[in-house]
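Got a structure for you, written out below as structure tokens; questions coming shortly.
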Amino acid sequence: MQKFDLNSEIKSNRNLIKHRGIISKITNGVVTVSLLGNVHCEACNAKSSCGISESDVKEIEVYDASQLYELNETVELVLQKDLGLKAVFWAYLVPFIVMISTLIITSIFFKEWIAGLVSLLILIPYYLILHILKNSFKKVYNFSILKYHQA
Amino acid sequence: MSTSSIIVSASPHIHADRTSKKIMYDVVIALIPAFLISIYIFGFGALIVTSVAIISCLLFEYLIQKYLLKTTISIGDGSALITGILLAFNLPSNLPLWMVIVGSLVAIGIAKMSFGGLGFNIFNPALVGRVFLLISFPVQMTSWPTVLENNTVFADAVTGATPLGIIKDGLMMGETMTDLSSKLPSQMEMFLGMTGGSLGEMSALALILGGLYLLIRKVISWHIPVTMLGTMAAMTGIFWLINPEQYVNPLFHILTGGAILGAFFMATDLVTSPMTKKGMVVFAVGIGVITVVIRLFGAYPEGVSFAILIMNAFVPLINSNFKPRRFGAPIKSKIIK
Amino acid sequence: MDYIIILIAAVFVNNIVLSQFLGICPFLGVSNKVSTSIGMSGAVLFVMTLATLVTYLLYQFILIPAGLNYLRTIAFILVIAALVQMVEIILKKVSPSLYQALGVFLPLITTNCAVLGVAILALGLENGSLLKAVFFAVANSIGFALALIVFASIREQLELANIPKGMKGVPINLLIAGLLSLAFLGFTGLV
Amino acid sequence: MLKTFQLGGIHPPENKLTAEKSIQKMAIPKVVYVPIAQNIGIPSEIIVAVKDTVEIGQLIAKSGGFVSSNIHSPVAGIVTKLDKIVDTSGYKKQCIVIRTDEKNLSNFEKIIYPLKTNIELSSTEILQRIADFGIVGLGGATFPSHVKLHINPDKKIEYLIINGVECEPYLTADHRLMLEKSAEIIVGIKILMSALQLKKAIIGIENNKKDAIALFKNLTQNESKIQVASLKVKYPQGSEKQLISALLKREVPKNGLPPDIGVIVHNVGTIFAIYEAVQHNKPLTERVVTVTGKNLKNPANFWVKIGTPISDLIKEVGGLPEGTRKIINGGPMMGKAIKNTDVPITKGTSGILVIAEEEASRKKTENCIRCGECVFVCPMGLEPHLLMSLAERGLFERALAEDVNSCIQCGSCSYVCPSNRPLLDYIRFGKNSVKNLTLIQN
Amino acid sequence: MTDSILNSVLLLTSLGIFAAVVLYIVSKKFYVYENPLIAEIDELLPAANCAGCGSPGCKAFAEKLVNTEDISALFCPVGGNKVMQLIAEKLGKTVAEKDPTVAVVRCQGSCEVRPKTTIYQGPDSCAISALIYSGETDCQYGCLSEGDCVKVCLFDAMYMDEITGLPVVITQKCTSCGLCVSACPRNIIEMRPRNKKDLKIFVGCLNEDKGGIAKKACALACIGCDKCVEVCPKDAIIMFNNLAYIDPVLCTLCRKCVPVCPTNSIVETNFPVKKEIPTPTLPEGKGVYPQLQKNQLEKNIKAINETVKKLKTDA
Amino acid sequence: MAAIINQKENFFKGIVKENPVFVMLLGMCPTLGVTSSGFNGLGMGVATLFVLLMSNIVVSLIKNQIPSKVRIPAFIIVIASFVTIVEMVLEAFMPFLYEQLGIFIPLIVVNCLILGRAEAFASKNTLFSSVLDALGMGIGFIIALTLLGAVRELLGSGSIFDIKLVAENANTFILFILPPGAFIALAYLAVLFNKISIKTS
Amino acid sequence: MKKKESTLINMVAAMLLITLIAGFSLGFVNELTLEPIAKSKLDQKVNALKLVLPVFDNNPVAAMILLKVENVKDSVEVYPAFLNDAFVGAAVIGTSEKGFSGLIKLMIGFKPDGTIQNIAVLEQKETPGLGTKIKDAAFINQYRDKNLAIFNAKVKKDGGEIDGLTGATITTRAFSEATQMAYDEFIKDTAFISKSKN
């Protein structure tokens, strides 16, 4: 275990997103953290009656070689903020751009409904590519866990 | 020697003698020339509107603090006084007094005290008050007494349009600038303040004098006024060069429609403007651009008020993206993987 | 030119949140951090566009020919709900790590009235076409993003203000939205 | 154009009342109270017992760890007590109380050694002596000098900067020392340069000490390696980061130290102490202290034994004037207000400032008007108003992300705030609370 | 049946089936089991979200309770034994009975007995004041009177007594969440067992200075005289650093120590009156604001009376 | 006895304690969007009440027949059907109101209030409780919308339910019938509502 | 009663059933309301026509004529009215884009000689309480029974005879422009329109 002073982490700390979670599963080297509730619905007033956001416990897997954690421990899950934005970029922005540009181009040449369908279908190869790149994403989107230590 | 009266407090133990109150009263002083001019031009009406605005602003602040928020009364700090004056400066001098009072209530009650009072408001109170009135009572808010006809008599039905109003109207009717030029006051008249308009925006000369006072006293810095007026001049200048028959010259834009009042006194409001010089420049460019867009393409002939309010909303964003340069570059530290 | 007008109208003049009152719930609910609202805006952009694309096709090429335009509401809501869910599933399937990062970063979009509203409004455009409808959705999501981000930054600043007790929470947020909307009235007449 | 640092800064009234007064000798105190916490870092360990007789300069507490230093007896006498006494921190801390011998009482005099210019010791010997003789930074931080000079071999030091800025209003201790011990200081500089094999030294002096600048320029006429720079008067130029930036246009990186950019900074007082230690085997047991205040009868600069109670000094300048409301250990910008005059002088005390009512009381705190003054004057480019709000609301993580740790606690922000906001109070609190925010990473 | 109805049925059913299939797949892939117990336990918890249990909020604590095998170490101080018992029943686990506790203020240094020797100017915060010095009085262990503890209490169970300048715990309201304990920079507040009649005996002082110094700073200071230690039949009193501490577990509330304390440092609460407590003697000549105190006394008595009245009506 | 009190509670909680607009902030879009007059508010409120009531009834009737995984879409279909019916009926018989409410009628579908109640209440409770709940919530919603509409109409056009209270040419606060007025009026109504409900409880 | 399990069959069955019922009932309600909706739409138009036209007995909606006009984007709609097969007038849709907030759409009823019978405002986005006053009878009455051949329907400010709405000259102008446009079309094509009886 390496104890470190947050002071030296200022640079990265500014861009961190943190969420409290509970360790719900530990299997060799992979710790699964369940985020408490739906972290984003916390502030929402409709949460008590909102049934639509059903995926309300989020489970995140974190690779952990240190074997430091115990089941049911409350920890803090950390993700760099730009990674979050990057995720939005890959998950939403790129397919959006792909879709729109296909639509614009095809609608010059084809009938409206064909253009529409083509630009919907173009998403399939896009997601296929994402699927192929799955492992390289795995390397980038790495969470880490911080343990609270009362000093 | 008894030590029981020894004070212990943390450093620093000395303090500069500039206080918020002094800053506020400097602004009041700076507004005096424009006020005098407005009394000269509009007479009793200007005096009445201004005093009603001031009194009601102070009164509302007092009542809200005393009975609603139950906090300490701070009407002496001068900020409500400024709000009152500037609100009045943005109103026609013959506005029914109850509207002036409503405007003060909106400025103080909604735009300022609802956010917690001095320093916490996001939007410029006086402008919120003015825009509220403008939207609610467009007729009264856009009828001005004609200049110099009645500088002794209060209340007057004769209305004259602002130079920008004349232009907007004229262009809409398909007239060209050459046709319109005869209806417009000369630039010298505008500089001195002999045109129609809100009571405080008349004389560019008086306002610039006040602005210079603020600059000298270091209450404001040059960044906002200069950038804002510069942006306006540059943008309107381009359009003017392209088609002088459809667009008026930049000087005209700067001298009219409260541009100078806005640039020196309203956009510079400490509370609602950015806190770094870089941020101020961005803010002022935004105001300039929006003002010109509204004036040239929008429905309103003026537009400074709206532009300032819109950019007020962006101030938090500007503040967090244009932070002061931190001393020392960070050492490359191990980043959490 | 049409497109520019659509864009200016949707972003400034008839802003979806500030003057059309659509999507108020996420606007008030998920806007306490700027970074989250940026992410959220990206997601809305995609979902809104996708939903409009699909519903437009559905309406023009299935409902109308079949004389079923009265089923618009029910068909749209089902399609949108299913689409949103599908995007989630696909993402989770094709790139679990991406999906997890997103999950921590923002609430995955669920149906809200802005998406449905824009889909319906897009049908009523003058001289409508698929491209125009989709562009309308894009423009509106940009408007949504603008309002959301500005609003979030204001809220971040107000976190440090002494808001009076009675005004805290809902009222102050509504008030900010109101004043924002007031300021945006300045754009009246641009289109 | 005079040199100065780029970001921020203020210029409070200088009030250097004692600039013309040469350093006087103090009557030797009857009792000295020597706190064992006299340096930043670990307090020293007491090695004497009650009733022990001690000699002047005898080691009475030894370094308690790496960042710690030795303490020597300032007087000859008998240890009467080891007790807790309120020191400059405002808390009771362990002190060694020594009663001075009757016979020593009479003949205290600052020993004037003849100037000794040739450096006989080797580099390691010099550093050892600095460590042994308890030299700590006299610029205020009391950082043990041997630690500072213990430089990581992979850092290449190019410059030694001598801090003769003394930007604090009122204080003149360094100024007088520079005027009266200029030759010794030059030798001290050379000692350090030879110990660290440095090629260049710069003495930085603010332009309100023209006599000192002239004197040093004169003395270093033939010294190619030592340069004298006069600086525009601006607070907090004395802070090492700002001084380096002013002189070299280099900025110490965030979380970094001067050696990271090839610089070592020492205060003139420290240099003089090093000179005495190295050339004359004299441990650090006395220093120059300015006792000043507008209402004092006779403000002056003194050579003072470490451990002398402040009340002795006050007596020397004519007693506490009527209406005194605040007594400050140090200058008005960075000094600490103290509870009473029983507090002893330590190695870090550069001045005692006595303030009367009108300046002592804080004015009422008002709402922040977001004027940005604090932002403009912060020499570290921070946003004090924001840091204060964050600390006020307990949002320490955000304060950390906003670089609260970079604050050098210069107080410029509190000084200028037109709303009298206690910015630094809260920032200090924030910095302190951030320390407890340690996290363990996997 | 017209075409329109047929079409409508066809379209809707196909959409419906489509949705059903999609959701079926979703449910298979997204299966997350949230134990319904969590919600039930959450209902049982007092929803104070005070973090007194060590979890960030009640919901989190509920999850922890459900997910942890052995919950005997977990405790909700606000709900107390009753709630924990209910939870245990629901979960079929066992909880340890915890003695209820209540916050006590271990400082009696009111303005009267502990004269102010300096005036503090700065933010109203004990934490900040503690950063710069030992406080307005000469006792560096005692209450700083800026009320950080009162500010953090979520249950309005504390107020600053304006006469004494000390915080007072309203025992009935205190939930023993412990927030005040961690807020106090002087560690003055301690959680001590609460019994039915709320009888407590503890040393109301933390001054570790030697007797004379302590006494000079505060008339009610513990001077470390050992008298109570000697008299205690249960060896419940420990003397450390010139300061007595009464172990709440060993103490049987026999009250033998109370009268022997020469400085009245030992506080007893809610016992029937046994002896006249002599008014403390002021350390001579050091009072800071005798005038001010007197005026304030009169003013404050009114305020106190009102508070008491309010408390009574509340109860 | 307790059951009756409980049913009373089911009904009344929607009106004050859990008022869908002021307290729970559900269905903000129609709340803000259609309340430029008291009549419009009332109309929208009634339309919503109808859908809420009907869907609560249906949902509580069929709740046991629906596998939980298709619960939401099933509810959506039920709700959307009623919304469509409302839409058609309004268009046929009250074209004026239909035009005023515009896009907000189809949007009743996504009004969190309705789905929320169906999901959180009707799917777990008996028919009778669900009806009461729907009525309470619906009336709470109507009250809020009508109140907001009335306030905006009064301030903005000087009339209440189209009955002019001020002279024809009198100045009214036009702002209140414009979008900003909706936000501002609701903001202060919420403050007022909180104050009152704190006092009464 | 136990809840149904979430098996695929159950799910599909449940959804099938629900959608079936929903489909039926919606289709049914649609059938029911189809006619009233069509009627109410027609009524709206006819009501407007009744308002602006003299008494007629034909169905002007069915008789609607589209006139292509050069300087207007869309075609102009004209609704001729006949009483006992005699041409009694026509309603012309006049538009102007120059309103304060864009489009203003009016229906202007003309008597055969071009005199204005009445005007109805169909669409406008003007500022409530200000520009919207064009809907007030007091304002419209200024135009009634005027023949634009002799009546200058401009705002007084521009040398015409119409009293502008205070503070809403722009709207007034647009209103006049729309009226003028309709008049011009009507006059240009009276002959054609009056013979259009189907």
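Per-chain numbering from 1; labels A, B, C, D, E, F and G assigned in written order.
One rule holds in what follows: contacts are C-beta pairs under 8 Å (C-beta built on N, C-alpha and C of every residue); 3 or more make two chains touch, one makes a residue touch a chain.
Worth saying up front: this structure is predicted, and the values here are computed from it rather than measured.
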{"item": "Chain labels contacting chain E and also chain G", "value": "B, C, F"}
{"item": "Pair of chains joined by more contacts [C-beta pairs], B-D or C-D", "value": "B-D"}
{"item": "Interchain centroid distance [CA atoms averaged], chain C/chain F, Å", "value": "22"}
{"item": "Rounded Å distance, chain A centre to chain B centre (Cα mean)", "value": "45"}
{"item": "Mean-CA-position distance for chain C and chain B (Å)", "value": "34"}
{"item": "Set of chain C residues in contact with two or more other chains", "value": "25, 28, 70-71, 74, 78, 81-82, 88, 93, 111, 162, 166-167, 170-172, 175, 179, 182, 185, 188-189"}
{"item": "Shared interface positions of chain G, touching two or more other chains", "value": "6, 11, 14-15, 18-19, 22, 26, 30, 100-101, 127, 130"}
{"item": "Residue numbers of chain D (touch at least two other chains)", "value": "90, 254-255, 336-340, 361-362, 367, 403, 422, 425, 428, 441"}
{"item": "Of chain F, residues touching chain E in the complex", "value": "69-70, 72-73, 77"}
{"item": "Touch list for chain F against partner chain G, complex", "value": "36, 62-70, 73-74, 77-78, 80-81, 84-85, 88-89, 91-93, 95, 156-157, 172, 174, 177-178"}
{"item": "Contact set on chain E toward chain D in their complex", "value": "117-118, 121-123, 125, 127-128, 131-134, 140, 209"}
{"item": "Interface residues, chain C side, partner chain D - complex", "value": "159-160, 162"}
{"item": "Parts of chain G lying in touch with chain C, wherever the complex brings them together", "value": "22, 26, 30, 100-102"}
